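One chain, subunit A, appears in both complexes that follow, with subunit B as partner in the first and subunit C in the second.
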Partner chain A sequence: MRAGPSQEDIRRHNLGALLRHVHLGGPISRAELTAKMGLNRSTIMALTSDLTAAGLVREELPRETGRAGRPSLVVRPESSRVYVFAFDVGPDRLAAARVGLGGAILDRRETARRRGPFDLDELAGTLAGFARQMRRKTRPDTVCVGAAAAVSGGVRKDDGVIMFGPNLGAESVPFGEELGRRLGLGLPVSVGNDANLAALAEHSRGVAVGVRDLIYLHGDVGIGGGIITGGHLLGGHDGYGGEVGHMVVNPGGQPCGCGSRGCLEAEVGERALLEAAGRVAARGDTRANALSHDGDGAGRQGRDAVRAVVDAADRGDIVAQEALKRVGGWLGLGVANLVNIFNPEMVIFGGMLREVYLGSAAQVRSRLATNAMGPQRERLRLRTSALADDATLVGAAELAFAHVLADPLEVLARVTG
Partner chain B sequence: MRAGPSQEDIRRHNLGALLRHVHLGGPISRAELTAKMGLNRSTIMALTSDLTAAGLVREELPRETGRAGRPSLVVRPESSRVYVFAFDVGPDRLAAARVGLGGAILDRRETARRRGPFDLDELAGTLAGFARQMRRKTRPDTVCVGAAAAVSGGVRKDDGVIMFGPNLGAESVPFGEELGRRLGLGLPVSVGNDANLAALAEHSRGVAVGVRDLIYLHGDVGIGGGIITGGHLLGGHDGYGGEVGHMVVNPGGQPCGCGSRGCLEAEVGERALLEAAGRVAARGDTRANALSHDGDGAGRQGRDAVRAVVDAADRGDIVAQEALKRVGGWLGLGVANLVNIFNPEMVIFGGMLREVYLGSAAQVRSRLATNAMGPQRERLRLRTSALADDATLVGAAELAFAHVLADPLEVLARVTG
Partner chain C sequence: MTPLLEARGIDKSFGPVKVLHDVTFSAYAGEVTALVGDNGAGKSTLVKCIGGIHPIDNGELLFDGRPVQVNGPRDAGELGIEIVYQDLALCDNLDIVQNMFLGRERRRGVVLDEDTMEELAEQTLSSLSVRTVKSIRQLVSSLSGGQRQTVAIAKAVLWDSKVVILDEPTAALGVAQTAQVLELVRRLADNGLAVVLISHNMNDVFAVSDRIAALYLGRMAAQVKTADVTHAQVVELITSGRSGDLGLKNGAVA
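Moving on, here comes the complex of A and B:
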């Protein structure tokens, strides 16, 4: 119930809105901006010259339009000049990318991560090293305007601390602070949950552009969720919203890492599938732990192991088919619950759930038909992630760009001193 | 990504914001408005004189302040002059109220409803009759600026049609249109889901003022939910968001009216409690249907029957205690799932769930401790509805006032012709 915005607020809003058009939609003519933003030509001209002076966009004559009359100048993001660092910390990989304004991944580094405890020193060191390598290759006139990391865990809204991340072996880790210190760029590192950021990425640049109500389900060792309702990411009171992996779908079912039983993650996660397919020993079997912490080269865990089950089922392996059927049934029940609760327009399967869904779509749809209410599922679309393994990195880049889009001139003034 | 607002948009926003302060917070001095809205004194004065001229507020000298200097005028809502009609259609009651700007219920009518099919003619006729009775008692200078109804069912966002309402016997009913026609006020009747509107009511005037992330659970024959995330009601793609009653908590459990089994509603709703307490025959027993459609005078169903179980448990009745324990366990599991998914600041138990929660708080909390993740439940507050049986009516009134608060002058100009 605050008062309306001041003239200065409006200018800032308009600058951000114009930059966002260019950042998300790519090169666009002034004439199109005038139409899309509902502003007059002189205002658009003033805004683009401010952004041009700041080095965020440039204006060019369009290629031959074939039309008579003076062509409208095209506004392009300064993609190779203005960039952010995006990081991803998953159970099985560490990745870093240099992403230009406009969203292009300009450079990237990646390494496998061995599952186990969270070694803050080593992790932050590796990622900062990647950033330094990429930075050394940039031209002198480039400027880094932000940095953000996607992590497989629950991130406290107030300070970006990873409060829980059982699949990373993390608990109460001030990761962003440490990575920021190591980067030495004088920039804070924003930290977000990987599924939340992947949901934002699909919403901004993936399969769900223009979709205001969506659920993104991310499978890794565990199951995470990123939920967008009415165009806004569901953050929750402390920032832990979207932890759909610990919704109980099967009371008394498989034991879960969280201490409970029958969570979606326990019934549908990597381990549940590999156990059902007889590819790792069942939980409770003392050999199980040994196996699960085994080297990952043997394909006994991780994305390759999941793909192997789906491929085997495709080739007619009955055990693999039954495993997918079982896991797909629980996945379908979880999705049906979420569809009833959220009435989304789209559900997106990402990470290893992409493979699981493709291998068990019939079970998922059958459960939806039984358990989701008719009107809720009538216009529902089920999709797989368009950005695939880049979704988390792309989402982290969007998080890093967020404050630039909120206040373009202030940020650039601060960064370039 | 539209452009920022025009001067006219800002004025409209400010008028609405000022009226909202007065409507929700009650009488307030110009000086306080200046501070709260961050506008200067002359702007506040201009806004209040516009609203005064429109007959929406009036300004008065405050009572003795005891302070020196000229006292700041107090702005009050024109509560007795400007009102809306609010309606509630529940499984067991029909209610109508005349609610003044500022939220006071000025007059009300209520009658019991016999469970059974939805008779649109009779229902709309009864409610319109209530409105006529109340209208006849108003002074000639009063003006009705809106009307809205809360219904126990899923309401399609686009047109307000009740698409499903098994506990009302309703399916694809154009209720708002018909009620609007019967009212004959030349006003559209907005229609909303009762749990959604009760959630808004608790958020605006009840136990959750200032809470931006909350889950309101409404128990009646069924279980409904109203969810507010980041200060916004979760509507979903078509308007059916919040149907938590059909989240499956116990796969293969009790049969549910929706055709599925083990839904929260089937395990925790009125019937589940009364069956567990041996007060109605179990489902599957052919006598059950006869009993459940029996007259409601005998206390065999409805709120009184639920209260009787809770009272019996209080008095030491072991069967009633076990029934509450069982139902409370499933309620707790459902709440834990929602807490993991939404990370809310508050969960509110309303309707008959108020009684059930008070009688089974230990089970609910114990399930939360087992099934909700630590960080999510750390700062969670569990509360019962403050508005009790008025929550749905109060929420309907807020829905009816919504367009007045969005654009105060336009609405009043249109209504008063």
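Moving on, here comes the complex of A and C:
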């Protein structure tokens, strides 16, 4: 016979739950915590004093409540003392941030990445260097409790190995292990898919707070996705779930980096838009391939190039308008399929898809009206990312904090011990 | 769901010219209603009738289900209806706080209560997640087009307003600024306001609206849910007043 949870299990769970409230919701009074957690006042007091003793939160008198009676103490996260390192590896940028408990980005470093093969040494070296720089600037009483990275690729759930990342040029790379070794903090580095993590970030701190069923679409070179159903991220059996960019929307269409044809990514991704707008020469044209692969892509690819197309369309450039229409149509078809299958409350467009959606919303929503089923689209909300370019970093930070929230005291004892 | 703002059977003539014929229009709390129509269809006139600038000849206005009289902009303001016009009506030589409180300054005794006004302006901007403005003591003349639009919208929201009407807020803005203003428009509605958006840009309309009201030659051709129509249908409603089963039939509302 299986015994119920022990006293110790319950206490650990409650500590984590309380810390999560403070971490995600910001400063909150003991009285509000009592109401939100459904625990009695003395339990809340015992939990906060444990967390205070560990240096994870601190308690203060509120400034003014405007109400009669003794004010309830406000519990705040120790944002400047307890922090994690968050990393983001995208096709065009490398970013690192020091993020305090409570979610504040305390410090950050960023550099452009040249598209090309995945150089593990150079990449992990750069990111670890950023972390060292940021660490040198911290006060001695600060403590790093975790580290995590968001990468543009498929990450194996069990060990954080990047199994595939056509847009990073990565295949079977033990990235987390190498970055952890370089950091030398004695902490493992968790690794997650960037769109999955951005979906979680929007869910916990962005436009989708309180939304339990949502789909986040992340546009970079390719299209990534994160699907949250019933409040949980759909990870799949191995952790590769949510690769909506490789849903085939146009059988026999444009060739895709994954080897298939007509994937959402191949019809909507950066390359599809730039080709349709005549900004880069079409695939298959070898002369042009040489031209676009010669590396000096500044302005001709990446986020700025996408913005330039939307801008041109807005100013009346017919070719750019047609390109956006075409891409918007495929995007709408992809979203319609997802809406029919998952019945989300919200679909969020992030990364470069923010600009693409706003510039082609008429096509996207026309497709939805035609191809999504009525009851499914009735209460569907389409939104752009609230965290914008920080979504992936914020998501990585949340991943790094996850084990602290699961067992606050044990983790803190380990890193300070 | 009761519309927060409803206009029923509005008629309006300027001399011999009949500009609005029996127009019915609703706006709901928490939603963006796009008001579309060709030039001269009567969009601005309708909005000015709602805002109390033009008296209506016939018809009635309902606010939260109750019939109301709007005899001037002040009446509209008291109901919580604010209009942001295309020209924004901001004073270049004043700073952001001064503009937001222009004509409705807070006083402490005989002097202006600058601290309270600053705090309220700050709160309003942060409730709208506006991060593009560096200092609220900046002169409006130093702001970009998008920032001006943001200030004008924040000014409308400051007065505990319930309905905000925006006349072409993205016209003449670059892509990055348009995106910010559209997201702001969406946030207003997500915060519970009823938002009316006048726009000619179909992408803007489809990007943020929940409902679309199409005016055609002074008549309301159709009011539809954005989720149920296509771009082509809306364009037809604007240009010919009908599209399939939607719209006007022989000059009358179907």
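As a convention for this text, the second predicted complex is superposed on the first by the 406 of 417 C-alpha atoms of A that agree within 3 Å, B and C clash if a C-alpha of one lies under 4 Å from a C-alpha of the other, contacts with A are read in each partner's own complex, and residues count from 1 in each chain.
In this text, contacts are C-beta pairs under 8 Å (C-beta built on N, C-alpha and C of every residue); 3 or more make two chains touch, one makes a residue touch a chain.
Computed from a predicted structure; not experimentally measured.
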Superposed partners subunit B and subunit C on subunit A - clash or fit: fit
Partner chain in contact with A:Pro91 - subunit B first, subunit C second, else both or neither: neither
Dominant toucher of subunit A (residue count), subunit B or subunit C: B
First (subunit B), second (subunit C), both or neither touched by A:Val248: first
Partner chain in contact with A:Asp314 - subunit B first, subunit C second, else both or neither: second
First, second, both or neither for A:Asp238, with subunit B first and subunit C second: first
Subunit B versus subunit C as contact partner of A:Glu355, first or second or both or neither: second
First, second, both or neither for A:Asn14, with subunit B first and subunit C second: first
Contacts of A:Thr370 with subunit B and subunit C, given as first, second, both or neither: both
Superposition-derived angle with apex at the Cα centre of subunit A and sides reaching subunit B and subunit C, degrees in steps of 10: 90
Lowest inter-chain C-alpha distance for subunit C and subunit B in the superposed arrangement, angstrom: 13
Set intersection of subunit A contacts, subunit C complex versus subunit B complex: 370, 374, 378
In the complex, subunit A residues that touch subunit C: 307, 310-311, 314, 354-355, 357-366, 368-370, 374, 377-378, 380, 382-384, 386
Complex contact set, residues of subunit B against subunit A: 1-5, 9-11, 13-14, 17, 20-21, 36-39, 43, 154, 156, 163-164, 212-213, 225, 227, 229-230, 232, 234-244, 246-251, 258-260, 333, 336-338, 340-345, 370-376, 378-379
Touching residues (chain side subunit C, partner subunit A) in the complex: 129, 174-176, 178-179, 182-183, 186, 202-208, 226-232
